[in-house]
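Labels for the chains are A, B, C and D, by order of writing; each one numbers its residues from 1.
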Amino acid sequence: MPDNFDKFNDECGVVGVYNHPEASNLAYLGLHSLQHRGQESAGIVSSNSRQLFSHKGMGLVADVFSENAISELHGTSAIGHVRYSTAGASHIRNAQPHVIEYARGALAIAHNGNLVNARHIRDELEAYGSIFQSDMDTEVIVHLIASSKENSIVDRLTYALGCVKGAYSLVLQTENRLLAARDPNGFRPLALGKLKDTWVIASETCAFDLIEAEYVREVEPGEIILIDENGLKSFKPFPPAPYTPCVFEFIYFARPDSNIFGANVYEVRKELGRALAREHQVEADLVMPVPDSGVGAAVGYAEESGIPFDMGLVRNHYVGRTFIEPKEEIRHFGVKLKLNPVKEIIQGKRVVVVDDSIVRGTTSRKIIKMIRDAGAKEVHMRISSPPTVSPCFYGIDTPTDAELIAASNSVEEINKYITSDTLGYLSLGGVYGAVKAGGDSYCDACFSKSYPIEVSEDTKKAPQLALFKEGA
Amino acid sequence: MPDNFDKFNDECGVVGVYNHPEASNLAYLGLHSLQHRGQESAGIVSSNSRQLFSHKGMGLVADVFSENAISELHGTSAIGHVRYSTAGASHIRNAQPHVIEYARGALAIAHNGNLVNARHIRDELEAYGSIFQSDMDTEVIVHLIASSKENSIVDRLTYALGCVKGAYSLVLQTENRLLAARDPNGFRPLALGKLKDTWVIASETCAFDLIEAEYVREVEPGEIILIDENGLKSFKPFPPAPYTPCVFEFIYFARPDSNIFGANVYEVRKELGRALAREHQVEADLVMPVPDSGVGAAVGYAEESGIPFDMGLVRNHYVGRTFIEPKEEIRHFGVKLKLNPVKEIIQGKRVVVVDDSIVRGTTSRKIIKMIRDAGAKEVHMRISSPPTVSPCFYGIDTPTDAELIAASNSVEEINKYITSDTLGYLSLGGVYGAVKAGGDSYCDACFSKSYPIEVSEDTKKAPQLALFKEGA
Amino acid sequence: MPDNFDKFNDECGVVGVYNHPEASNLAYLGLHSLQHRGQESAGIVSSNSRQLFSHKGMGLVADVFSENAISELHGTSAIGHVRYSTAGASHIRNAQPHVIEYARGALAIAHNGNLVNARHIRDELEAYGSIFQSDMDTEVIVHLIASSKENSIVDRLTYALGCVKGAYSLVLQTENRLLAARDPNGFRPLALGKLKDTWVIASETCAFDLIEAEYVREVEPGEIILIDENGLKSFKPFPPAPYTPCVFEFIYFARPDSNIFGANVYEVRKELGRALAREHQVEADLVMPVPDSGVGAAVGYAEESGIPFDMGLVRNHYVGRTFIEPKEEIRHFGVKLKLNPVKEIIQGKRVVVVDDSIVRGTTSRKIIKMIRDAGAKEVHMRISSPPTVSPCFYGIDTPTDAELIAASNSVEEINKYITSDTLGYLSLGGVYGAVKAGGDSYCDACFSKSYPIEVSEDTKKAPQLALFKEGA
Amino acid sequence: MPDNFDKFNDECGVVGVYNHPEASNLAYLGLHSLQHRGQESAGIVSSNSRQLFSHKGMGLVADVFSENAISELHGTSAIGHVRYSTAGASHIRNAQPHVIEYARGALAIAHNGNLVNARHIRDELEAYGSIFQSDMDTEVIVHLIASSKENSIVDRLTYALGCVKGAYSLVLQTENRLLAARDPNGFRPLALGKLKDTWVIASETCAFDLIEAEYVREVEPGEIILIDENGLKSFKPFPPAPYTPCVFEFIYFARPDSNIFGANVYEVRKELGRALAREHQVEADLVMPVPDSGVGAAVGYAEESGIPFDMGLVRNHYVGRTFIEPKEEIRHFGVKLKLNPVKEIIQGKRVVVVDDSIVRGTTSRKIIKMIRDAGAKEVHMRISSPPTVSPCFYGIDTPTDAELIAASNSVEEINKYITSDTLGYLSLGGVYGAVKAGGDSYCDACFSKSYPIEVSEDTKKAPQLALFKEGA
């Protein structure tokens, strides 16, 4: 579960509700459950069958939506979105759902994932006279829907999605229809639930739990779902593609209480920890996680190894904004604001520290130094995934190659840099053994450089689309 | 000068600055001078030749722009906009300048005026696959620019403006060009100024005064001005049309210290007052204005009639937000928050009250009752314009026919309703006599129902374009 | 009427309401009418006979009080306060009404005026163990009330006011009583009004007009008024003192539509203008005020001299916050943001500019330069009061001697500095001729250095009381 | 560690820094570490030897202090405070440090703990003429300091603290001195640390860890510490009292990484868990904590019992504000917003749920129902403290007797109410066994009704001091 460290940033979470007298309230609660998937902006668009109502804002769900704002999102159908993004493009203009008007009426769209040919399609559309008003790759999808010659919204959406490549888990709202779609590779999760006569869509099942909806099934890869007064219809208009859900959702992204891709996230993390214990045994007195994302794997590691588990690091949950550092620098300042070791637990011990991944290595280095300062005799770093060697272009905001420590350093070099006594990464085989409950194929490009969908050099170099820049 | 009474609402003010190291700061000061033309939102887009920078917000210029915000609007060229609108469409999405990206790069546009065929063009563009993201009629202009087959920005703009009908005073910013345009009828003012090597464009000349720019000339009706590194070029691509500037800008809208359409606003107002005195003489002891918009005409009326001028009504300038009224209602509450009579001045006197126009009649009625309560022996209402019988569709936000008291009542009926002893409206001839310094033809549709450009029934009925509604 | 120029700053306005089901709403409207007396903070304390309810905040009345805030100020009795102060002491801690608890219950106090022996009393009280929690001289009054050995609130207040020297117009609220008091010299205005069975107290009568209360009489100098369930009682416990109301309230401070000290402010200002015309005749084409405070005197000057009146300067009322100036400075920037000359009115004319006073001279200098730039042939400055040669210690925030241009310069030197052709100040005799409607004795210390109550050197040097400084 | 459940609310955290060029920045970071002790308001007062500088605000430390605010808190010495309180008295007026001026200069005080004779002293002081301006019991301490006849600040403070009864851990700031004091019973923690030549005081040692200060020792019960240019002096002016630190700080309040009363909090919690396992064995498949406060005890329980530990409940850390519930109620809404069970972990299992205490029982009931809904076969509730039968009057904001479920219900009745299969509370003997590392005597009044300092009926009935009520 993302925890605001200088790690990967997740892109988004989406939710949809159809046929409920308080649709926008349910959407808002769903977004609260998905808050870990995006803390930068939040938005909901509802429909009362005649008109769409939209409310978006920068910040957390609880801050964006007042009781009054919810009450003005009329109607029995609604979609919602939470978003994270890098600082540069942080602007209300890029908040979703994105609402537009076109020949067939109004349309709102909320998108989790990243397209890899957006720039290309954007150039083509512009060549034919289209204008773009945001940085979002999502905007090309609505342009394509609008420019389609097809008649029905499903056919138009099929046309649009047939043009784009990459990762998308989508919900769409028209005046009287709710749609959902997931790319043929199924990169990002998207689940279908039901609460009496109400259909619910959400990025993760934890959203269903809060609003007491029942999980029905995943929205399948390549599936388009249409919900209207005639009920739910499913379409599979695209040629089948290899099913490659993002393995990193299990490792770090999703909430432990969610089920995605057919398995429970927490159980997978424990299994990852167990596999890690088998692959990288060590004599030690204590297994401790880097909280919160390392907890599941640490519990698994402890169970498998028989070494006692303990919470040797305490997390301060009141972090969120930048803190002011004194001029006379404090060692490991950024990490210290969030984590503090419990000396009495650690002192004189040989400790195994379990984390989900290493990005730049700087945080791990600081954590290990802090643990040593607290009196650990040995520090053995265990990572419940393979070295992260390559960026993601399908919706996880990883840094560039140049910043990924594992892109240019061996495990031994990393071990030296982060100052651990030993460093053990789980093998890709070990990962696959652990996630098999969810299926047997995944996108593991960040570990293997094997990208299921080709990424153009353009996309690699210029992730930002816009030629203009808007103030906060 | 608009004063937040329940009168006409003005639409917008625009400004442009080219070739100044602090272009955005000058644009911001220009907007402050034009604040009376729109208090709902403010925005500036600047360019540093490579990229556009945008900052917009709801509220007054001073509140929207911090020093920090200005400092991030880089570059030597900038355009700005202040906007008023009715509550329904009050949203940051509709704040201008409107910024887009199209095949030729980035483009920002700021618009004062109203198009009368926006819905029609919008429908056509949508039929060809275009999407719209705002309520603004201005959005059709950028779509037309983008869809033009022409090569140069001037030709593309010419194409776009050739398609639209109505009122527009525009400034546009591209990466390295500033453009200005005014519709062939010249409904709204737009002036060109110079400050050393810097070109300045503004809705009214009062903006030049603050930043010490010199007035050069009006942007002419039907003219497109292009300013780039090669200097200023003027284009006149449209067939000539009758010159019909808005006479109401003189009567109420523009700031008294501005020169528009070739004449000074304050002088015109005094002249309107003089003409009013000649047309509607009355024996009285005192001439007093409804401040601030009636001051000029009252001074003129006093001069011509020889009746002493005095400020019998004091205005409270700290009004802006809604005030909370006690349940036990206060008579004339809304008016009383803003105006209070000076009893000692009025008591026992026969007073001539000069105002610029009457819209619904309710405010005049309350003012007259207040003046009577203050002890006036007689109250003679004098209006420095003819009865307002028909709405404006070219950029002034008048109420519908049904709400305009003069649309369905004779002068005598109005006199009775507002409870004045006598009521005198200036004749249209009187108006033309007073404004002749500015030219001899005007748009006077709100008085005469004679619309220089035909207005479709669609536009009359549904001024709002959008199918969706956004929260504040 | 104060207008935020770099002039005198007024200290405060107070209001009290007894026996009205919406007491706090009336107090709030009263404060709105008194907004010109203080824009820094606003507060109301109400009572429901058992408990006091308080709400205070920084900013304008309309911003501090929401409908919700008003609704939580329960009870049928309330007092209110608006405050201005210099930047240093601008803090919510100093916002009034000041609420305390002491042996007899709760007490709230709102104060207009300045004490001249507050530091001395504060030192004495501290020597006996008292603690102080604010910068406000008002705090000594509540300490004295609490430390009094008397039994009744009136006797306690009498004791407290017997100890202090200086200017005070006070309203006080206890659980079931409303009190008002005015110092024996009667420096600041305070009026008593009635609305059916409701008693109202206010700094100026304009507050009565808005809420439709009837003016009854002034709270007399040295009077204490007690209002409770037994009705209104008046006390005159102090030895009589010379009646010396502040003449500057007439000249600049009070709203023109108010009656203070027995006369209407606007009429006095016109009379000041007439006297000024008699004393300082000049051949000219135009009389124009510096708006808004110079309007009354200018109208009077024009009437008396027969020279036509006109509004040659237009005021921008959207000023309030600091504006950002370009690095390449704009001439007269600060003044230009607020005032702009109407060239067409001024050009080629010999103009008489009427203002109420000159403080530092810098603003006058800028205004005159602007008027000359606008083409005036001659500029004759006329001031409707004598030279301001000495600071006020009774509640008007004048600068120190060192900053008052007239403290160390002759009229001719000032004339030269501000670059007028001629400069004429109204004589003190002229002032007394004009204000005689209000009585024949006044405090004119700022013009005459003759202070009705001695001011200690301490008070002159260290107007700030506190030893600590609070962030905004 | 407090976690915003409807449990106990902690009162406050305090910090002091002496002799550091960035004293206020260190104080601010210290407050961030103590954020769990109070989330309602935060404040810092610094001194540059001549003057105090204060900044306070409502909200979290990160929101109250901007970089700018910190930079205006000049000087090399500073104290800080974070505060929680019940809604009624939530107001900036009650934010600390409380700053006053008295005969000897300025004084700021920050207080953790509750006095039990504040009302009584307040009445006495008022009888002698003192006035009170807040709800805070702390205000009586400053009144007593000011009214003392002693000469030195230490003697004055000794006098003041000699008058009051109850719990206090204090830091005080004068122009050139920093003081700390702890009541003779030592109810609340207070620690002394050092960072090179800088002295640091803090409620908990976790504050030292962040700023890299070294723990020196506890401020001893009954000790007054004076730090000035001559270094640190210790005073023990009070007769010795039984040492009764709050055992509940170990059980729930303090951060696990802190050392208080001579022992590490996390280790104590584990020991409590182990003792709980010994006292209340049960056959089960899984031990899980109610996060975050139950984690330590759950780990200890698991270790001792041999039953596997797991995180069966996931906590959503984005909670803080009130959330809007749909009209059609969601079961266990309040708890569900914060906690969600991991079904896959729980399903079919016999689970031991470990929490630190039960207050009203409603939360436990909801949690147990949630766990059963998730498929648990049996739910055995284990509480790492005895039944909470009586409120705290020394600084922990427990509800009244009437609301404490254990005040009027047997364990069996509670078990039935919360719907657990079995319910086991740790015995008081068990608690003492676990906390013995920290000493052998504690205040356990909330479990035993044995209050170390007598509490008057007044204090029990009317915890709120003020007669007036201030808006937010």
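The definition used in the following text is that a contact is a pair of C-beta atoms (placed from the backbone, for glycine too) under 8 Å apart; a residue touches a chain by one contact, two chains touch by 3 or more.
Small disclaimer: the values here were computed from a predicted structure and weren't measured.
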Worksheet, complete the sentence: If chain centres are mean C-alpha positions, then the most distant from chain A is chain C
Item to complete: Round to the nearest whole Å and give the separation of the Cα centres of chain B and chain D.
Response: 60
Discussion item. Just the number, please: Cα centre separation of chain A and chain D in whole Å.
Written reply: 36
Worksheet item: If you average the CA atoms of chain C and of chain D, how many Å lie between those two points?
Response: 48
Discussion item. I need the residues of chain A touching at least two other chains; which ones are they?
Written reply: none
Worksheet item: Touching pairs of chains, which are they?
Response: A-B, A-D, B-C, C-D
Fill in: chain C contact footprint on chain B (complex, rising order)
21-22, 25-26, 28-29, 32-33, 35-36, 39, 60-63, 65, 67, 70, 206, 209-212, 255-257, 259, 264, 266-267, 270, 292, 295-296, 299, 303, 308-311, 314, 316-321, 323-328, 330-331, 336-337, 340-345
Response to the item:
Within their complex, chain A touches chain B through residues 45, 51-56, 69, 72-73, 92, 99-103, 105-106, 108, 123, 126-133, 142-143, 146-148, 175, 465-471
